[in-house]
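The chains carry the letters A, B, C and D, assigned in the order they are written, with residues numbered from 1 in each.
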């Protein structure tokens, strides 16, 4: 049993935002119920179509992605995606991003009143904001604080805010402090890093390539603050999970690894469960 | 012929700081004379012994390094390393770092009066500063400016200052502007990124893993400023070099790839020379 | 759509035929669930080898044949054209080598309820799923006319085998090395007219699929087009493979090539928007 | 130190003997320049395969034998103990497979100018460079006594072959499966005394080398220790392999295991500082 910001999770292994489809696709490879939590792709107030092709490009041990955050909008999500996830008994963390603080507050209001949302994760620095380029990105700590506060104010007690931070070693502690001061109950350290597609477009870089950078940010945050942290970025093996937990993370998020092997989360959950008999073979 | 801050280079391919040994080791695999330039490991005022083991750790498509910048000090360098390099007709860019602005100025003075130094590269953000942890790291733009100015003031005409910047997409343009304003004749975009060793120690992350992050920073800087940029970070193939040059870089630096294949720089020089007959086979 | 499995497969045989490498895999659970038009996704790199983490994208391959072989109930045959690092690695696998595969993936070709005349169009390796489709159609007494295209003879999938199931076979190659010189586009109208087809099935590049869909519409036939879009995850997780479509209700939507496709009704795909969005055509 | 070359080598043969895989390589230029105590650095991953860029560190291997074979003037034999991803990949290579190697690297064993008695100590695969060394010493009329150690018989390098060149051979294994039960450390003093050695050559883990260096000093003999330190580049470029030493002038210095070593005078290495610096012992 993992405790995260008051939530009781079945496993310390969570699915990262945008890497588990709508949940239906992932469910083919293992019950969502067994996961620590299912983080949705980032949901916005209005529906978004997403960006141009190619949306993903392979890089050495990494993936560049510029999906443009396609999603059905919060109403579409609440109507068509959330009920199915809850029916699977998944713990649902809803990732959100917005064009303004007012929109962010509106999103929080709607999600806060929807029964079944376990937590809201604020995507504070989407590495690509799509062709519209219109989503807020928190560059400075005060922007982190403002965004977190806007969400926190609207959520009922018992629905914690998680702040997902850009893993930039030099600035992450300031951002983390601002998030905590504004009411974030936990942090997610391990957003994709700002990279460029071969054609020059902005994109996020994820996968094992960035693992050592994410680990550094985790270390910096935990050295400076006493706050529960969910660690992400480059996790693919049981050894990766154990390294992050050993560094002090409460839980981990698995993203790009799922695109490579859709059973990754289920395998990690099983390997880390208290009644796991043996280590999985390394992969 | 590549023109960089007034220097006429035989090739756009340079060896990155700290990845070519003292030059003697690299010379076994191709004449140093054919390189655009040989960048020395970072030289400090006093000799440094370097850090604990392991100093390097393999990561997926990357290398974590925490050498602690071992070097014989500037006097040792001038006495034992520079003369040999010049004898090989290598263009020598000397990388420097220091504990204070005064030390930086002193380094520049000694290098500026040493005949044969082509340029001085200021290592503004060593990702690991060794067990002493005492080297200046430019966190804010004003610190970048101060460090560059301290060096620039002491160098004679004709010995340009290159500012080597941390490839942090969100802040790199500000740092670049500060460097240029303080007199940097060219920028090097592609320092190792701040990562953590498995045991938690600070280390730099280099290699193909970080290529897309370095490309993003290059794009940001070139979009904002009109300054010659030497691109580094993750370059291993001719295609990598061409991509950076196509993005607007004047030249490139090759680092970690040399540790994997010591002939990399020589091969890239040959493949990019005007009389190269065919493309090298990809490797 | 049946539930796919993710398994470590073993190579039972690998044979070069023309430009293609034919691999026979023991992939427990994949063959058993197969229906024509579904595919599998392969990982590059040996299972357990950390170098496998260096290529995170999957490689989609049509399932060509499913057969009992060497004591295995349902071995899976795929046809690989080595064009890049991943397909070259796959083509270099030898008997006994292992690889991770997920499948069967995607929605298969829809089969007609009535015994209507059909035309099957395939270009290059993409003709792979059509042979089992032809068998299923014949089981339903649907007459099958086959059109096979390729750049040259080496890139033509076993036309001989095809003649057994099909009533008529038309072969076109770009260089005229076998069959008529030209492309599928040049012959499709003629074939459709002569076959009096009610349903057209097509697999190949976007330009071919678009031409076939257009021709089918002109002839009042249904078309089922099997799209190849660059797929990163191939399992519906990454949102990397959008296909602009029109829903039953006439509203423009986005489908996922891997999970809602690869087979889509030709009249539902907004072909021009697909190309405009940056899809390789 | 001769100039090393970086070449694409081809596997001519691969044979399992006990716990080790013996690879014979065609590596033009490496064998020709070889001297006992030098090594080569191998890259993990097939040349041209971009997955090769996923492991940037090199893998150091002692050059065991250099022989004319199969029409090649100087094939190179190495002995691989598969312990991690890189050595497992190397051990899995088959005849005809290719790999990138750089060599010969490092400074070799220094040979005595006079025909003095010598003792050669090797543990596990690290005994590999001692057999050609023994041949060279015999050519100089230096009597050779060999001490071979291993955890068990499977990890003992071909002692039979050794008996041909050596005057006396002592074998010790941890489990006593062959020879005396124990370690090199337990027998070294005795062997040195009986051989009346003037020079001791040793290759193996740091603890063994330190013990040998100490014993040599106690007997008034010179020692030449071949160090294995984790090497990233193996070519002197990365500053990753510092070894604390004392110079001729008595001043403490840092040598590079790959470029100034791997063979260093045992009395020059500051063994305790080496272990304190975090070197695996």
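Following the convention adopted for this analysis, a contact is a pair of C-beta atoms (placed from the backbone, for glycine too) under 8 Å apart; a residue touches a chain by one contact, two chains touch by 3 or more.
All values derive from a computational prediction rather than experimental measurement.
The chains in contact with subunit A and with subunit D alike are B, C. Taking the CA centroid of subunit C as reference, the farthest chain centroid is that of D. Inter-chain centre distance (subunit A to subunit C, centres taken as mean C-alpha positions): 35 Å.
Centre to centre, using the average C-alpha position, subunit B and subunit C are separated by 49 Å. Subunit C and subunit D have Cα centroids separated by 54 Å.
Among the residues of subunit D, those touching two or more other chains are numbered 50, 52-55. Counting partners per residue, subunit A has 60-62, 207-208 as the residues that reach two or more other chains.
Taken as a graph of touching chains, this assembly is fully connected, with contact between every pair of chains. In the complex of the two chains, the subunit D residues touching subunit C come out as 44-45, 49-55, 85, 89. Interface of subunit A with subunit C (complex): residues 18-21, 24-26, 28-29, 41, 49-50, 52-56, 58, 60-63, 65, 67, 70, 207-208, 236, 256-263, 281-283.
Those residues of subunit C that touch subunit B in the shared complex are 50, 53-54.
On subunit C, the positions that touch subunit A within their shared complex are 3-4, 6, 43, 47-48, 50, 52-58, 100, 102, 229-230, 232-233, 235-242, 254, 259, 277-279.
Residues 59-62, 64, 139, 166, 168-171, 193-198, 200, 202-203, 205, 207-213, 215-216, 218-219, 234, 243, 247 of subunit B touch subunit A in their complex.
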